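The data blocks that follow each hold one structure.
Same chain, two partners: chain A is paired with chain B first, then with chain C.
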Partner chain A sequence: MHRWGCFATLLLACGHACFASSAPQPPQHGEDLLVTDNQIGRYGGTLVLAQRSEPKTLNPVTAADAPSREVIGRLTADLIHINRWTQNTEPALAKAWSVSNDGRVFTVKLRHGLRFSDGQPFDADDVVFSFQVYLDENVHSPQRDLLVVGGKPIKVQKIDQYSVRFTLAQPYAAAERIFDSLAMMPRHLLERPYKAGQFAQALTLNTPPAEIAGMGPFRVKQYIPGQRIVLERNPFYWKADRSKNRLPYLDELVFLFVGNEDAQAIRFQAGETDIISRLSAENYALLSKDVATRGTDFFDLGPSLEYDFLVFNLNDLRSKNLDSIAAKQAWFQAVKFRQAVSSAIDRDSIVKLVYTGHGAALWGNVSPSNKLWTDQMLPHTPYSLDRARELLKSEGFSWRSDGQLIDRQGVAVEFSVITSTSNAQRMKMATLIQDDLGKLGMNVHVVPLEFRALLDRVFQTYDYEASIMALGGGDADPNPEMNVWLSNGGTHLWRLGEARPATDWEALIDQLMQKQMVQLKYKERKHLYDQAQEIIAANVPFVFLATPNILVGARKNLGNFKPAILDPNTLWNVEQLYFIPGNGARPGEKP
Partner chain B sequence: MKYLERRVIHGLLLLIGVSILCFALSAAAPGNFFDEMKLNPQISPSTVAGLRARYGFDQPLVWRYGHWVESVLRGEWGYSFAYNCPVRSLLLVRARNTLILTGLATLLAWLIAVPLGVWTANRRGRWDDRLSMASTSLLLSVPELVIALVLLYWAVRIHTLPVGGMASVDFGGLGVQAKLFDLALHLVVPVTTLVLASLPLLVRHIRASMIEVLQAPFVQAARAHGIGGARLLFRYALPAAANPLSSLLGLSVGALLSGSLLVEVITGWPGLGPLLLDAALARDIYVVVGAVMASTLFMIFGGILADILLVAVDPRVRLGKV
Partner chain C sequence: MRKKQKIVAALMLLVALHLAILLAGFIAPYNPATQNRDFPFVPPTRFHFADARGHFHLRPFIYQWTVRPEGFNEYEEARGREYPVQFFVRGPEYTIAGLVRSDVHLFGVEGPARIFLAGSDGFGRDQFSRIMYGGQISLAAGLLATGISLFLGLLVGCISGFYGSWIDESAMRLVELFLVLPWLYLLLAVRSFLPLHISPTQTFFLLVAVIGTIGWARPARLVRGIVLSAKGRKYVTASRGFGATDSYILRRHVLPHTYGVLLTQAALLVPQYIVAEVTLSFLGLGVSEPVSSWGNLLANLQQYNVLASYWWMFAPALALVIISLGYLKVANAIHERLQSDSI
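Take a look at the complex of A and B:
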């Protein structure tokens, strides 16, 4: 009895030591590690980054803000993952998956012998539990809507300890992309708060690190409110390099909370951080020229997936008591008016002056860097004031002797453009557009508004005439944007809350988008989506303007650094990053 | 004692008034915490509506106020939508950081301002007084935002001072002395900014009070008796000039929580400033209300402290003759 007691104590001590130590554990027999093909790195070092604001939670189900998701993404893992470099899906915690002939049933085989960062085993029960939480209407997860296909939630069934079946109500194109970034959670830690109805309160920043576990490359070590969160290596991480070294190479990953992009740039310039992401063109120019940032590399990755646009208010204003705006909607509703505005905007100047050349002009919603979905045949309307004037003339507009544009009734064309004060680029764009449209005789007023006040006008009160906004930037696939293009979508910004399509072309877009959503063959799907893009471009519900390039910087001594267009641009392969010794390391910091 | 009781009751009424005003203003502000989600095409309007309902946004303002008062009585000070936790836990740690910064800055500002104000008053009209007045005029005209930016630029260039935050990344592994040194280094930029921003006002007030006292007959009499120099200034004149200064000190204490918000944001000091700014922009209203209430509490405390000091330093007030 005494000997068994000693043995149990020893086991407990070993278990505790395993959790306490973040040294990489040697691969275990039967452990199905994923072998990566990166350059073989070196263990050690602390990678420091600055975030513009503090993460608000560590709960992957309720997190909606970017800083939280950036941290959570390093603590958790998904079944199937989108490779940010290739933009294609690849196995992650799922070793493989198969799809039924009708495209409705996915059978996922999990890797064997994997463990959470607290050393507890991971299996199908954790997968079923995770999806149960995501799908629970009472939890109000922002990701739940992704898991509702054809109006019905995905059905999740455990087949055996390492197999799970997912059944969709209808075929869903690129359904495997749904699994990306859906964190698999530890049932052993979270089932109790979930059953007690306390799931939203679980995994806050104040939760002790020992009560947080995930399948990501790092686990929480320390959180200091307002200052930083320190992550340490997950010793049980399920990826290894070709030499069977368990990843990640880095000992620690530190996120500093600095407040804004300028502070981020200053910290990088002062050598306090190792990577800087999503730089503005001004800071990119400043940092890349600054002698203090020697020992760093800067990357212009090309156009992002985000698109800036000008949108006119076409909402039904009958119940809103906004007569002056409703009167102007006669202009905005005319396709030729919108086309004229599009023709009169000098996009190249926007790229040159707003993004100092680090951007691309846009004529559609799909960025040129979206390798799979951009429509090469989409017409690029040239900047032409003559064409704009012809379009306006044909719609019955004319000009007074002083050059002021007037409509059929002789009313001067005058409207305001609202834009967010927190986005300097869009403020500049608004001024350039004001100038461009002034050449057409339109009197445009720029009205900068605080961001939430702007959202309130666009989504709630409809008290605006035109707005400059941006969308996109998530996945490269068209499906996450369904709610922008479907006439009843919640982000159908130009005309929200439509019970049925207001125009024929919107009805056509509805049909094409619905068809592409269930079309499983890429070629056919691309054809449908190209048609939708062409209709959108021709009818100009959004006047597409430009997309900023993704600009990032990093220390030269960071091995395997491979920034990508898709979020998270610099940390998507954080488990592979390592410090190359003797290559411009930060003084006194790196191995 | 009755006076103190009356002041405390006034303070409580003020707190209630501020809380109602805060609630009314936050309700009048356009937009709410969940609006940003509407821009995400992957989140449906029904999910946003569900979240709004969970946090009581579909309830009338009076109901929400009552709910908040309940949570204040429980010691939670409301609930943060963003952090999913009670506001108190968010405020306490950041208020501590703010007090470290402002406490030190206020102490330094007074330690510099008192001798400087007394000295310039005594040297009234001479070149050094004029130089001091010109410097304080210049500092008064420069916003603290500019002072902070200049100091940050300098810190980036000299590479020996940290350019933000409260501690280095390796702070946890340092010894006690090294920790204190690290903290001191991080305090240089924000404390210097606050000191430079508050110094001119203090120096000018002290100087003005002292000039008035130095012209008083009792000071002339003391001079005639051969009392001069520092003894006259600090032993006799300064206590007589302390009456208006005690109100100023009360104000300084009252501004401890709210006086450094902008500087904290610029220099990345993890105090109430960045939290309040984030919360205001995100419409995390209970955090905003909580921070405003905490600042109001300090203001009330500062006012009471000023009154107590006034009673202590001025016998006329004590005897009810003023």
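Take a look at the complex of A and C:
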């Protein structure tokens, strides 16, 4: 009797747990599920991965840091999604969309009968609400810029419960791509805080999981500060495989917070995590040596879309009280000086020593792996000290007897390069560049700074001479990069806060970029963008250096694992991932 | 007698090491900043006496490393050609202590081969040369900072012990304050207040000043104790009776008593300060690239792949351990000597 009592309690507990632990709901009548064509997997298992740092927020609108976005991306979904594998757009929460002939009006049909992760229905009101929040200037969303086309915010109107109309002020190239990663949010939970002006505080890491709902494959289960965040299956997710199994297959997804890239590598090596993305080349070499024994696979996906570059401070410093830097700007402003620096940098050794060969040298902002947009005609300035010396000579520079480079006034050319201490690769690049430019007689100091201090100097105080940084990697399409290239863009790093273009070539870039943004035909657009790339390469506002290859690793028994060049490289199809039973199980214990 | 021999051996070792590091330019075969980009992370060169044909050579020779075709950063010896080790060869120019210019090096091999006694780093720079030159920075920082600490300690200790009253009180409270401060965090805090855009030489002197001014408290307290006991002795009272001035008494009767303590303190502080420099440089707050110091050489080991793959990157730690042990041995010996003297 006693034993039966125990059993009943156990059953009850199990029943309760099953309800709370998000067993996948059977497809409902009238529910418009998206059917994926992946290999059919098996339910169950916990996928563990490590993040370098803790997410700062769970708010999809205000999140700006990579760890937050990585987690939020699994909790939310967008209307139209860029498939990371094909790099093309595909329907997501929108079942279909149509574009008017003038390219300005988008009519989006939503899937019927979908539900948020808390079981509440999703419809056009949620879409309208979400865009209202993204477009609200008081919310300060980093994505807002993308939703302002031709100087005017996109207009969003509900047509009926399942259709929404978007009106743009002018035609916009690849307009459907801007919907990617714009999270559709639950109006029933967030309207009240939004109206009260507390939207930014509404979705923090400390918000109780019951008050967070999204359309993503997972929902929040538990957050332990400093350790991990645990996500569990969203039982109402809107995708299913061909056998009508509702995705995702995995029960749980755990993000551990481990501090740095090396710790990520060590955890993966020890079998405590199942996937590792964005491995450094050195750790890739180290870990892939013991592939055979550990039941893991490693992938080199080729060059990323990111670009490392050296940038000189060309900001207007008149109001900044930085005279010593302002004096050096006379050198930096000379195009020939920047071209000389570019010729004197041995990019091949950067690829070889920094990326141990797992990377590609760059001369422009578009990575060679971005097949649609890279300019094949872009000249590759060869590594040549002679050419660099000639360029400097023609700009009035000369050399002292000890080899030190001096300018017309006889001032020795000496400047510092700041890099982030948290990035060992860029620190290494700085040391190589220091040596390369030393051969030209330039006296370069490398100053490693904490990442935030570096950003502060580059974006706020302008108190730096040159910096090594990296940008890009978001999308293959050029448009998200416009804030870098347009002279009034927020990431126009070399000269921020320009009211109008300071040079003719920047004005020209502005014109070309504005034109390509409204050009709907790929061929014409490509032609315009090629021209812009060539002007950028010729005027060297950034000295492009190299791009690392995307290096990832995963357990061999992870089914449907298809890493991609685009971010998030490994988790983009997390709903399809599953553990193949009885095949190279993980050696370590799960935390 | 055996004990004495040990001390002499320790002293000799220390002198030899310091001399070697002073003569770094002569002993190191290469310029520490020269990059050989084709040879990142080369393991230490092996010396051979017997060649591939089994012939024995009296003069050791080396083979050049070549990259193994299948692996990156994996090397094998190119057995095609032997490069005998040569002595007193011409190489890159250097200066010793900023005085003597020369280009003669103790040993080397004919190009294109290179002799990497302690392997190379990620830029293909000769690790042995970097350790020798880095030793100059680390040792000089230790010695100079010790000088500053002892000078400050002596000054404060003497004044405080000799004049007593409120001067003593306030000085000793200050000493206590400095003693309880967690010095590592203080060093970090002080260093982070200093400007970052400075040349390696300036960084070096700042480093020395910072380390030196933090550690004066213990010597000051010791010196004060000795001054207190010395100034109470009868011959001091007598000499005062004969009209001796304060400075005469300090110089003639008090200071000589402190020398033993100062010497022990010096032998203890030097290794401690070398480690302090190493710590700061390890954390990226010391001298910057391409100048080497033992701290920033060891900082390479912060990267997991270096730690796990390239054992020769630990070599600077060995140098540090030997120097520290030498100093501690000597400090111990002086201390024992003082104890036996006072009995």
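FYI, the second predicted complex is superposed on the first by the 562 of 591 C-alpha atoms of A that agree within 3 Å, B and C clash if a C-alpha of one lies under 4 Å from a C-alpha of the other, contacts with A are read in each partner's own complex, and residues count from 1 in each chain.
The rule we apply is simple: a contact is a pair of C-beta atoms (placed from the backbone, for glycine too) under 8 Å apart; a residue touches a chain by one contact, two chains touch by 3 or more.
As the structure is a computational prediction, the values presented were derived from the model and not from experiment.
Chain B and chain C, once both complexes are superposed via chain A, fit side by side. Contacts of A:L286 after superposition: chain C is touched, whereas chain B is not reached.
Contacts of A:V447 after superposition: chain C is touched, whereas chain B is not reached. In the superposition on chain A, A:D160 makes contact with neither chain B nor chain C. In the superposition on chain A, A:S416 makes contact with chain C only, while chain B stays out of contact range. With both structures placed on the common chain, the touch criterion links A:I266 to chain B and to chain C. By the touch criterion defined above, A:S349 lies against chain C but remains apart from chain B after alignment on the C-alpha atoms of chain A. Shared-chain residue A:L432: touches chain C; no touch with chain B.
More residues of chain A are touched by B (comparison of chain B with chain C). After the superposition on chain A, the angle chain B-chain A-chain C between C-alpha centres rounds to 40°, nearest 10. In this overlay, which is a superposition and not a single complex, chain B and chain C have their closest Cα atoms 8 Å apart. When both complexes are aligned on chain A by C-alpha atoms, chain A residues 266 touch chain B in the first and chain C in the second. By the touch criterion stated above, chain B contacts chain A in their complex at residues 29-32, 35-45, 47-48, 50-51, 54, 82-85, 89-90, 93-94, 97, 152, 155-156, 159, 162-167, 169, 172, 265, 268, 270-271, 274-275, 277-278, 281-283. Remark: chain A residues 262, 265-266, 280, 282-283, 285-286, 346, 349, 352-353, 356-357, 416, 421, 424, 428, 430-432, 434-435, 445-449 touch chain C in the complex. Of all the residues in chain A, the ones that touch chain B in their complex are 46, 48, 53-54, 56-57, 59, 62, 64-65, 137, 140-146, 200-201, 204-206, 222, 224-228, 254, 256-259, 263, 266-267, 269-272, 292, 422, 450-453, 455-457, 459-461, 469, 471, 474, 480-484, 489-491.
Contacts from chain C toward chain A in the complex involve residues 33, 35, 37, 40, 72-73, 122-123, 196-197, 199, 284, 288-290, 302-306, 308-309.
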